[in-house]
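Each chain gets a letter, A, B, C and D, in the order it is written, and its residues are counted from 1.
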Amino acid sequence: MHISTTPDANELIVSPCRAHREEDKDYAVVFATPVNAKGITLITTPGKYPERGEEAQWNWPDSGKGAKISECMIVFDDVFVPWNRVFMCGEYQFSRDQAWLFGVFHRLYGASAIAVERELKLGTAALMAEYNGTDRYPHIQEKLAWMAMDTVILDVMARAACEHPDVFPDIGLVAPNTVYTNIAKFRKADECAENSKLLADITGGLIATVPSYKDWMNPKERPFIEKYLAGKAGIPTEHRLRAIRLAKDLTSHNVDQAHIHGEGSLAAQKMHVFASADWKRYKAIAKRIARIPGWEEHPDLKHLPDWPWDYEF
Amino acid sequence: MHISTTPDANELIVSPCRAHREEDKDYAVVFATPVNAKGITLITTPGKYPERGEEAQWNWPDSGKGAKISECMIVFDDVFVPWNRVFMCGEYQFSRDQAWLFGVFHRLYGASAIAVERELKLGTAALMAEYNGTDRYPHIQEKLAWMAMDTVILDVMARAACEHPDVFPDIGLVAPNTVYTNIAKFRKADECAENSKLLADITGGLIATVPSYKDWMNPKERPFIEKYLAGKAGIPTEHRLRAIRLAKDLTSHNVDQAHIHGEGSLAAQKMHVFASADWKRYKAIAKRIARIPGWEEHPDLKHLPDWPWDYEF
Amino acid sequence: MHISTTPDANELIVSPCRAHREEDKDYAVVFATPVNAKGITLITTPGKYPERGEEAQWNWPDSGKGAKISECMIVFDDVFVPWNRVFMCGEYQFSRDQAWLFGVFHRLYGASAIAVERELKLGTAALMAEYNGTDRYPHIQEKLAWMAMDTVILDVMARAACEHPDVFPDIGLVAPNTVYTNIAKFRKADECAENSKLLADITGGLIATVPSYKDWMNPKERPFIEKYLAGKAGIPTEHRLRAIRLAKDLTSHNVDQAHIHGEGSLAAQKMHVFASADWKRYKAIAKRIARIPGWEEHPDLKHLPDWPWDYEF
Amino acid sequence: MHISTTPDANELIVSPCRAHREEDKDYAVVFATPVNAKGITLITTPGKYPERGEEAQWNWPDSGKGAKISECMIVFDDVFVPWNRVFMCGEYQFSRDQAWLFGVFHRLYGASAIAVERELKLGTAALMAEYNGTDRYPHIQEKLAWMAMDTVILDVMARAACEHPDVFPDIGLVAPNTVYTNIAKFRKADECAENSKLLADITGGLIATVPSYKDWMNPKERPFIEKYLAGKAGIPTEHRLRAIRLAKDLTSHNVDQAHIHGEGSLAAQKMHVFASADWKRYKAIAKRIARIPGWEEHPDLKHLPDWPWDYEF
C-alpha cells in the first residue's frame, strides 16, 4: 500500500505482511515481478521541491538531489506472474513465518540505515554549534551529549542484533536478534522528532529564515548576507549557510522550526523561569519543614505556627 | 535578523532585544518606519511549494494558501526615520525594560496563537483516528489523551497569564504574568515535535504516501484511489484524503514521517518486544527474591542457592 | 480497600467507586459510620521508622513526625448502620454519578494538596543548590527551572479547575472542571518520580550517606562532620545537614538515590560523552553532505566519492 | 566522602577522583590500607528498617536482609600506611589518568550490577501484572514493553563496552569502551525513577497499603487478608503479598507510591481526559481547515467564514 523506493527498483518481491487464516488463503502469496509488468500502476508522491540542479543541491543538500521522492502506492490490476516466480501460493499457514522473517530483517535494515542518517544529524548539530560559536555553552553541550547518546545507542543496538543473533538450529537459520532489532527500530522512530527538535534548537532562528540559493547568487544581496550572517571568526559565511541549509533540510522545511525559535529560544524561557520564580517563598517553605531558621519573616508563612512540635505523639 | 510576517506588514517597529550598556548606546533605539522606506531590503524565504490555487489548497490545506512564507531578514541601509517616529534614541538604560516588555507580550502572543494551532493538530489527530477506524484502540486513545492534555495546558497557562497578571502600581502597568507566559511559550516550542510525532503516528503510513491533487484528479487513478484508500465505512475517501493531506501539512512534508512508519509503526515494535522478551526468566528472578516457589526450574537460576537464608546477620 | 488517613478520622463515608448495573445493586450503597463501630477492622501500615521524638524529627523532618503512616485496608464484618445515616441503598442507577462526583472533587483535592507538597520539594532543591554552592551552574539552574515549571503548572491547573468550573444549571451544581482536574491529578502522579530524581541529583551523593541524628549528637564524630560536611561559606553545617535530611525524606530512604550518584552523577556522564564522542567523524559526515570542504581527510570518509554530483537527474 | 560497602570490606584502596595540579600534589596519593587501621573512622548510615530476621525478610524481601545499609563517610585521622602499600605519592600529573581509569571501570561495574537489578524490577512488574490479572490490558503491556526495552538497552550497552573496548596498544591496555560505559551508567541512573514509577503503577494501590508480616501472622486478620487480597484465580494470596512486598521494597517505602495511586491511577486520568475532552470542537476545527463539510454547525465555528477561499493570491 505504501512503499518506499519502488520507482527506483527493477523487481518487486510481494509477500504477506501478517498471519493468515484459511479464509484468507487467496492473499497468502509470495512472488516476484518486474516493476514494469503489464497491469502494475505506481502512484508516486511528487518531488518535494521545485528547484533543480545546482539550486536544488544548494537549497536542500540532503534531499534536493532528487532522491527521497519515491514513496508510492502500488496497484496490481490483473498482472501475470510466471509460475517459476511464485514462491508461495495459498499456503496460508506459512504467512506468519514469512511476515515475521521479512519483518525482522527489514527492521534491522531500517535501524541500521537510520543509524547512519542520525550520525549525519548529530554531525550537523555539532557543526552548527561550532559555526555559531556556541559549542562552549553548557546547555548546547548537554543537547549534543543527548544526541550522541541516542545515536550511539541506535548504532550499538543494531550491531548487537547481528552479534547476538537468534539461532534456529533445526532449520539452519540465523536471524537478527528480534528483541534487539525491535528496540533499535523503535528508537529510530520514537526519537526522530526529538533529534530534529534539538538540531533546530542548536541551529538557531536562521533555520527558518536562512536565505536561499537565488538570494545568495544575487549580487545586490550577497554583501548583506556575507556581512550579517557571518558566524564564528574564520568560518566563511558560505560554509555556515550550507550547514544551516542542511539543518533545515534534515528537520524539514516547515513551521515547527519557527515555533521553536519564535519569541525566543527554549533556553531563553528556562532562564526566564529560573530568574523569575519565587525562590524566596519556596526556600522558606523548605526551611520551615527542615527547622532551619529564617522562614519566619516570609509574608506568606509568618502567621504559621512553628510547625508542628507543639503536640506529642 | 529573522522575523516573521514582515512582508505582509505596512509598518515596522524596531526595538532592542536585549539590555545595553553605555558603549552600546548607538543600538539603543526604538522607532517606526514604513516597510517600503528607501534603504530597507527584505530577504525573504521562498514559498514552500510550487503548486498554486486549487492544487495548493488541496495538497497543503493549511500552509498551501500562500501564507507562511513570510519569514525574512531585514537589512537597513541608510534609512531615513523622521524624528517624530523615533521613541528612544541612545537611552541605553531603558533597553532592558523595553526588551523585557516586548518579550513578555510577544511570548504571550506566541503561546496564545499556538494554543489555537495545537487545537487544529489535536482535531486532525482525532479525525484521523475516526476515519481510520482506530479510535477504539487503547494505544490510540492514550496518544489522543496525551495530546489533549498538552493542548489544554497550553491554553490554560496562556489564559492564566492574563487572569493573574503582574501588576506594577507605581507605573500603572499591568503585564502578562511573566512566569506563566514563559512556561506557556516554552511548552509551545518544547512539545511541538512530540505532537507532530503523535499526529504522524496516528495518521499511519499514508502520511508519507498519500496521493496528491494531480493523482486524485486523474480519471485513470481515481478509481484505484477511491477503492484502496477508503477508510471507515460511511466516510468518503475524499474526506479521508483531505484529512491525511492536512496531517501531512501540519507535520511537514519530510522524511521524519517515513521514519516513524517505515518497517512498521511504533506500536508494532512495542508489541513485538512485549511478545518476545524473556518474561519467564525475569519472573523467575523476581520469584527467587520474593521467596515464591517456582524459580528453581529456570535453567539460568537453578544452580543458585536458595538465597540467602543460609547466613545469620 | 486501600485508603489513607482513616485511622486519624472519626467518621467514614462509604460510597461506590464505579458504575453499577442492576445485578450489582447490593453494592450500590452510600452511608456514614463512626470508624470505631463494632465490626470494623482497620489493617494499617506500620510506621516507617523506628525513631521517635526529637530523633525522628531530625532524621525525617517531613514524615518523621509520626504522620503519613495511616494507609490502611478497612474490613466491614457485619457492621450496623442506622437508617438515618444511609444515603443510598440499592439505587444502582446513581452509582455512576456518585462515583464521578466523588472522583472529581477528590482528584481536585489530591492535585491541590500535592501542589503544596511539590513547592516544598522545589524549595528543598533550591536550598540544596544554595547550600552546596552550585546554584550558578547552568545544569543546576536548568533542573530548577524544570521543577519550577512543573510545580507552577500543577498549581495553575488545579486553580483553573475552580476558576472555570463545570456548571450544571439544571441541578444547581457547580463542580471542578473535570478536564483540568484530571490533567492536574495526572501530572501530580506522573511527574512525581522525575521531581524526586532531580531533587536527589541536585542534593548530591550525601543524600545517600548523610549522617543521622545519633552521629550528629556523638561528640567524637561531631567535629569530623562539622569540618568535612561544611557546604557554602556562611551556612552552618547543621543547616546543610537538616536540608539534606529533608531531601532524603522527600525522595524516600532508598537505593534509588545511591543509583543516581553511584560512580558519578548524571552530569558527569553527559560531560564524559560530550568529551569523548567522535565529533571529528560526525562533523566530517555533515560537511560532506553540505559540500563544505574538509571532510576528505577523515580516514573513514576519504575513500568516498565527492557525493553525488557525478550523475544527472 | 560517600562510599558504599566499606563496612563490609577488609581493605580500602584510596585514589584521586579528579585531575590535580602541582599545588594539589599532597592529595595525589594512591594507597591501600586495612579498614580497621588505627585512625580510620567510618560514619555509616543506619539500617533502614527496625525489623529483624524472618520479619525483615518478609517485609523487605530485597533490602531487608541487612545488606544495603553500608553507605558511609570515611574519616582518615593520622593513619599510618606502610610504604610498600603506597602506589602513588605526589605524582600529581598521573591523577587524571588514575581518576579516568578508576572511573571507567567503576562505571562499567555500576551499569552491569544495575542491569541485573533492573531485571529484578522488570520481573517483579511482570509478576504483578500476572498476579493482578492485568497482563492482557494494553496499557499494562505498553508499560512492560517500555521497561523491557530499557532493561535490555542497559544490558546490551554494558556488554558492548566489553565487546568493543578502547585499546591502548602503546601501554598494553584494554579498557571498557568509555562512550558506551558512560551511556550505560547514565541510563542506569536517569531511568531508575521511571522504572520505579512504572512498577508502582502496575502493582496498584496495594503497594502503599499492603499488610506487613505481623498482620499476616495475626490469626484474626489472616482470613480477611486471604479473602480480600486474593488476586488472580490459582495464585495463593501469600504469593501475591510477597510480590507486592518486593515491589514496595524495590520502589522504596515512601509517599511517592501513594501519590501515584491516590485519587485513581494514571490510566484512570488519561481515560477521563479522553472521555471528556471536547472532541467535537477539535474535529470541527480540523474539518474546516481540511475543507471537509460538517464544521459549520459547531457553535464555536458557525460564525466563521468558509475560510479563506474568498481572496486571490
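Everything below uses one rule, namely that a contact is a pair of C-beta atoms (placed from the backbone, for glycine too) under 8 Å apart; a residue touches a chain by one contact, two chains touch by 3 or more.
The structure displayed is predicted, hence computed values, not measured ones.
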Between chain B and chain D, the fewest steps along chains that touch one another: 1
Partner chains that chain B and chain C have in common: A, D
Geometric centre distance via CA averages, chain B-chain A, whole Å: 14
Computed distance of Cα centres, chain D from chain A, in Å: 27
Length of the line joining the C-alpha centres of chain A and chain C, rounded to whole Å: 31
Sequence positions of chain C contacting 2 or more other chains: 148-149, 152, 179, 183, 186, 270, 273, 277
For the chain A and chain B complex, residues of the former touching the latter: 1-4, 41, 43, 45-46, 48-50, 63, 68, 71-73, 75, 77, 103, 106-107, 109-110, 114, 178-179, 182-183, 185-186, 188-190, 192-194, 196-197, 205-206, 208-212, 214-215, 220-221, 224-225, 228-229, 251-256, 258-266, 269-270, 272-273, 276-277
Of all residues in chain C, those that touch chain A in their complex: 57, 61-62, 65-66, 119-120, 122-124, 126-127, 130, 137-139, 141-142, 144-146, 148-149, 151-152, 239, 242-243, 245-246, 270-271, 273-274, 277, 279, 281-287, 289-292, 308-309, 313
In the complex, chain C residues that touch chain B: 148-149, 152-153, 156-157, 159-160, 163, 179-180, 183, 186
